[in-house]
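Each structure below appears as structure tokens.
Each of the two complexes below includes chain A, the first together with chain B, the second together with chain C.
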Partner chain A sequence: MSERFIKYAMVAPGLLIVLVTALYPLITTFYLSFRDWNLGRSNASSALWLPSDGISQIGYLFDNYSRALSDPSMWNSAWVTARFTVVSVILTVGFALAIAVLLFGKGSVRAVLRSMLILPFAMSPALIGALWRFMANADFGVAGAISRALHLKNVDILGNATAAFWLVLSSDVWHWTPYFALIFIGALASVPKESQEAAEIDGATPLKVFFSITLPQLWPVLSVAMVLKAIFAMKVFDQVVMITNGGPGQATQTLTHFIYFQGFKYLNMSYASAVGWLLVIPTMALTVLYVRLTQRGK
Partner chain B sequence: MNSKIMNDAMNNDANQSTPQASQTAFRAPHVFRRWLGTFGRGVALTVLFIVIVLPILWIVSAAFKHYVDIYKLNITFTPTIGNFFEIMREPFRVQAKLLNSVIVSVSTVIITLPLALAAAYSFSRFRLFAHKSMLVAVLATQFLPPVVIVLPFFLMFRDLGLYDTRTSLIMVQTAMVMPFAIWMIKGFIDQIPLDIEESAMIDGATRMQVLVQMILPMALPGIITAGIFCFILSWNDFIIAVILTSNNAVTLPVAMSLFNREEGDLWQLLSATGILIMLPIFVCATFMQRYLIRGTVAGAVR
Partner chain C sequence: MFHRFIRLTVCLALSASAAPSFADATLVNGIKSGKPYAGQTVNIMAVSTPQFTALEKRSQEFTDLTGIQVKWTFVPFNALQEKVTSVGVAANGNFDMVNYLDQWGASYAYWLQPLDGYVSRDKVDLKDYPPAFLQALTIDNKLTAMPLRSNVQMMLYRKDIFAKLGLKPPATWQDLIDDGPKIRAAYPNVAPLGCYYGADGNRQNLFAWADFVRGAGGSILDSKGYPAWTSPKAMEATRQYVELLTKHNLCGSGATSNVEQDARVAFQQGGSAVLTIWQWAYSAVTNPKDSTLTKDQVGFAPMPAYRAGEPPATVINVMPVAISKYSQHKDAAWEFVKWVTNPDLDKRNAIERNVNGFPVVNSVVNRWSSLTDPKVNAANDNILAAAAVALKANAAPMPEVVYWPEVADLASNAINQAATGGDVDALMTEAAKRADRVVKRAQH
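Now for the complex of A and B:
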């Protein structure tokens, strides 16, 4: 066996599993998005590639897309996703940076807390969601305990659109901040200390040293982290289902949840696929950005 | 470069001078400001500790509470392990879901690791067609929204009669964890020097012999780390399982919805199930922490 054969034979199984599992759904949803197939109406098996059972309507081509673009619910979800992504990126990266600065350095307290950072990251997002809904409960949760201790009227966090949005957001920030803090602690360790010390001798305040010397040197890592977090935020699903299930009304319905509802509640596979592609496009744009940032200078 | 960053991150106790240390040295005359800084840092560390621990403590305590204590919101209560027996009875039968979770996650890891090891070795030691693009593409597949990926698989498995089976879950989850496994194991193999391999090859060893007899033992910590990371991903998965299962193959994270009943949420039972989800993961994470963080974080910013 030649080396040439062996190297591809070794890489093939793993690579094929990954690529086929990505490409098959992309092609299928792309095809479906130009058709009209509701699983509730046409329950045909193998309906995908057989036009005879009512899924191949000529002239249906862009109907799903034009419907999506004129669907207020879709725009609501897109707006929720956009807000969620922006705020989540800012809060996660901001807190993570603060925690990294706080925990970087000597001391056993810092070391213990650094090792605890793995816990929120390793926890199941669905469980975090369930736990957050539990804690927000006005009778049984932390929210209830606080309002009872302060003799306040019970607050219905899940019934309030703004409060529910921030609740879902906080669960996502809690889950991801420790992970990014660990990344930033690693990056802080690689920042050369000479320029910081020189600036301090010249009388710069610690805050000024951080913002004018340390932060610019962290920028390559920070920018990658922001793009990465934006991608993760656009994928958020588990917590939305577990905490609010999109509610109250559609106040916390992200695009992933909208697609899930269209596909598996209304069984409208074609419409779900079309909206799916509307989400895939910005995700791919961010992925290209991520690749450019990480491959910079290589 | 990156593994160096992570080594530093985990070992930065050992560094002689940290920014904080030198700051305090130069600001020594300002006693009050220093006291304020120390105090502020203490407050911040305490808040951080509470924010991390409180949610976990909340669910752990709820899992050992009687129903009445859940509502009373008492800090002190008489603990019970009754909830763990309750979730095993009808109609919940959580032990069946636990079994599903174990079978699916363990199978996923067992299938993934050898394939990922072979692919990682090839990526590490050879120049492949479109080498860098392939490697990046592997990682980038994980950025696609899972709901879009799983929907066609739902349709496919439905046609094949594999809907609501552990087999279908294992297939999709293997694909989900494979990229991380390839990247992590490649990172470890990259650090193994080439010359031992080359001398073995000159002595007539085949590639397979080199991989199994030399690389496998040397990369074992990396392989175990990748395995644990894949186990965590698979064990925690919700979206694939919620779409591909309904009854027979339901895993633990999906089973949590069992306690969301018409008469209200059964928080103490949900919490007990939550412990079953958390415990193995926390044990793994704590055990392998150092390597896990290095491997997980290194791939992301590289």
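Now for the complex of A and C:
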């Protein structure tokens, strides 16, 4: 058997799984986005436009997309997703880097703390969401209890648009920071000590050494981490469902949550498919960027 | 001798021909005798709840009667809508019967078997069901399912607090508004009312709102299915509903984000004095495993009325059993439906506290005969008699239209934003405009 055949045979099972679980749904939803399908009326989609309707009516084919682009709820979700992504990336990478710097180095205490870092990441996002929701409940949660104990005005975090947004964001940052901290700890180990020592000998302060020597050398890893975190943030779903379910109002309704509601609660399957494909555009752009960054230098 | 033999043969022949007519006599609730569908298996998808687990434990009775096997698949409520929707989309008859929430029924109607033909053929007595329950299951004038888990809104209240303060259970919302400051003064950590204005996609903040709107003489949707909640009466009712929190300070600190379960848990922990909720919750709030409250502390009454002297408007919900059009065993499934909804079983399931070794507390019944039965009420602290009173007054389901979830979420979100300080009129008007577009698109 040729080496080439063996190579492809090894990859084939994984490729088949990817084709079935990723490519097939992508193609199907793309097709559905140009059809009309409400699950509450029929178990099959129908055409939005047929050749017999004439070329002048072809605009109907894009009905779902034009609806999405003129839907204020969709734009609200897009804006929530954009804000969530940017802030989540900044906070996660920032905290992760800080933790990595603090825990980098020898020592048993550092070693124990590094091993504990995996705990938040190992938890299911849905479980994290459930915990966060209970903690934030003004009546019987930890937040309410602390407010009462300190004689503070009890703020209903889940009922306040801004507070609820930051609550969901905090659960996401808490979940991913340890993962990226571990990556950065590994990256710090690859920074040559000689350049840092040389800078210290020349009189550079630790802060100057970090920003002038260490950080630039970490930049390739940081940039990949930021792109990866952006992709994860754009897909956030479990915590949104469990903590606020998109509320209060639509203050925390991300695009994935909006798509889920359109497809599975309102049964507008073709419309959900169209919005899903609109989300593919920025996600694909980030994925291409991620691949380019990881391939750079190879 | 020969003549005697002939006479004996004729007698035997006559007896043999008479025997099928005795065997033809139908069994409980019109179930056919003779086991004509023996050997078939019917599959039912149902919500996970002790009431249905008890029915599953009893299913052998049905199998012994008919020879039909029954397989139950239980699904948590949060996943039920999607699972039942996928049954319809799959269209392969994997499930012969489904159980769902009535408010989703309009979107399932195209693949559910209308039951009117079966009902009239087998002379099933629908008069034993409250009209509101049947109304919830009638889509386009066709009965699409039979009630199996039907609930009525009730008001639960702290008997001990009201007794100590010399107050009567509120008969109107104004009574509760008047009682609020007295409760707050005597019990600073107890909210007069367990409110839930949270909008989490389950639209639970709409139930009490619907009571206000209907009590005021308004309606949620008009006869064409378009939003009618911007009428002067409905708008005034909505303002009053929101003002329970924003003006009259009746609610606890979690009111703007609480959903029904949160409010119930808070009540169970002694956090509120009154809770408006489904009658099934009475057994939960007095269950020592889940609640700090005892039966001596919790009373129940019909919902407060919008105006003094008028009956309260009450929302009902029904989780029925329906037969799929794609079922390969429709007749066998109908036999099961007749059995599982039979009046005797309806009572037994609310009286018996142990079903084949499974301990269960169920206070849900579906029929007038069960609601008013002395034994059923004795086993359930007479809450069902109170539910019957509410049902006879001004009870109705939420709108049953395909687009209700999307329209309802617009109203639910608007109410939630109003509860956090937004302008009620502006928010509800904007919600109505957006809902108009949803309805127009759906009806196109």
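Quick note on the criterion: the second predicted complex is superposed on the first by the 272 of 298 C-alpha atoms of A that agree within 3 Å, B and C clash if a C-alpha of one lies under 4 Å from a C-alpha of the other, contacts with A are read in each partner's own complex, and residues count from 1 in each chain.
We adopt the following convention: contacts are C-beta pairs under 8 Å (C-beta built on N, C-alpha and C of every residue); 3 or more make two chains touch, one makes a residue touch a chain.
Bear in mind the structure is a predicted one, so any value in this text is a computation, not a measurement.
K.L.:
For A:A138 in the superposed arrangement: first (chain B), second (chain C), both or neither?
P.N.:
Touch partner of A:A138: chain C, not chain B.
K.L.:
One more residue to check, A:V87. First (chain B), second (chain C), both or neither?
P.N.:
neither
K.L.:
One more residue to check, A:G249. First (chain B), second (chain C), both or neither?
P.N.:
second
K.L.:
In the overlaid three-chain picture, which partner chain does A:A199 touch, first (chain B) or second (chain C), both, or neither?
P.N.:
A:A199 sits against neither chain B nor chain C.
K.L.:
Just checking: does A:G40 make contact with chain B only, chain C only, both, or neither of them? Give me first, second, both or neither.
P.N.:
Second partner only.
K.L.:
Per the overlay, which chain contacts more chain A residues, chain B or chain C?
P.N.:
Between chain B and chain C, B touches the greater number of residues in chain A.
K.L.:
Which partner does A:F264 reach: the first (chain B), the second (chain C), both, or neither?
P.N.:
After superposition on chain A, A:F264 lies in contact with both partners, chain B and chain C.
K.L.:
In the overlaid three-chain picture, which partner chain does A:L289 touch, first (chain B) or second (chain C), both, or neither?
P.N.:
Neither: A:L289 stays clear of chain B and chain C.
K.L.:
Show me the chain A residues, by the header's touch rule, that chain B contacts in one structure and chain C contacts in the other.
P.N.:
137, 139-140, 144, 264
K.L.:
Quick check: in the complex, which residue numbers of chain B touch chain A?
P.N.:
Within the complex, chain B contacts chain A at residues 2, 4-6, 8-10, 12-13, 15, 17-23, 26-27, 41, 44-45, 48-49, 51-56, 58-59, 62, 70-71, 73, 115-116, 118-123, 125-126, 128-129, 132, 134, 136-138, 140-141, 143-155, 158-159, 172, 174-176, 178-179, 181-182, 207, 211, 232, 235-236, 238-239, 242-243, 253-254, 256, 265, 267, 270-271, 274, 277-278, 281-282, 284-286, 289, 292-293, 296-297, 300-302.
K.L.:
Taking the touch rule as given, give the residues of chain A at its contact with chain B in the complex, in rising order.
P.N.:
Those in contact with chain B are residues 3, 6-8, 10-15, 17-22, 24-26, 28-29, 32, 45-48, 98-99, 102-107, 109-111, 113-120, 122-128, 130-135, 137, 139-140, 142, 144-145, 148, 174, 178-179, 182-183, 185-190, 193, 196-197, 200-201, 206, 209, 214, 221, 224-225, 228, 231, 234-235, 237-238, 241-242, 255-256, 259-260, 263-264, 269, 272-273, 276-277, 279-280, 283, 286-287, 290-291, 294-295.
K.L.:
With touch defined as at the start, can you tell me which chain C residues reach chain A in the complex?
P.N.:
It is residues 81-82, 85, 88-91, 106-108, 110-111, 197-201, 252-258, 262, 265-266, 269, 271, 402-403, 405-406, 409, 413, 416-417, 419-420, 434, 442 of chain C that touch chain A.
K.L.:
How about chain A: which of its residues touch chain C in the complex?
P.N.:
Going through chain A, the ones touching chain C are 38-43, 72, 137-140, 144, 154, 156-161, 164, 244-250, 261, 264-268.
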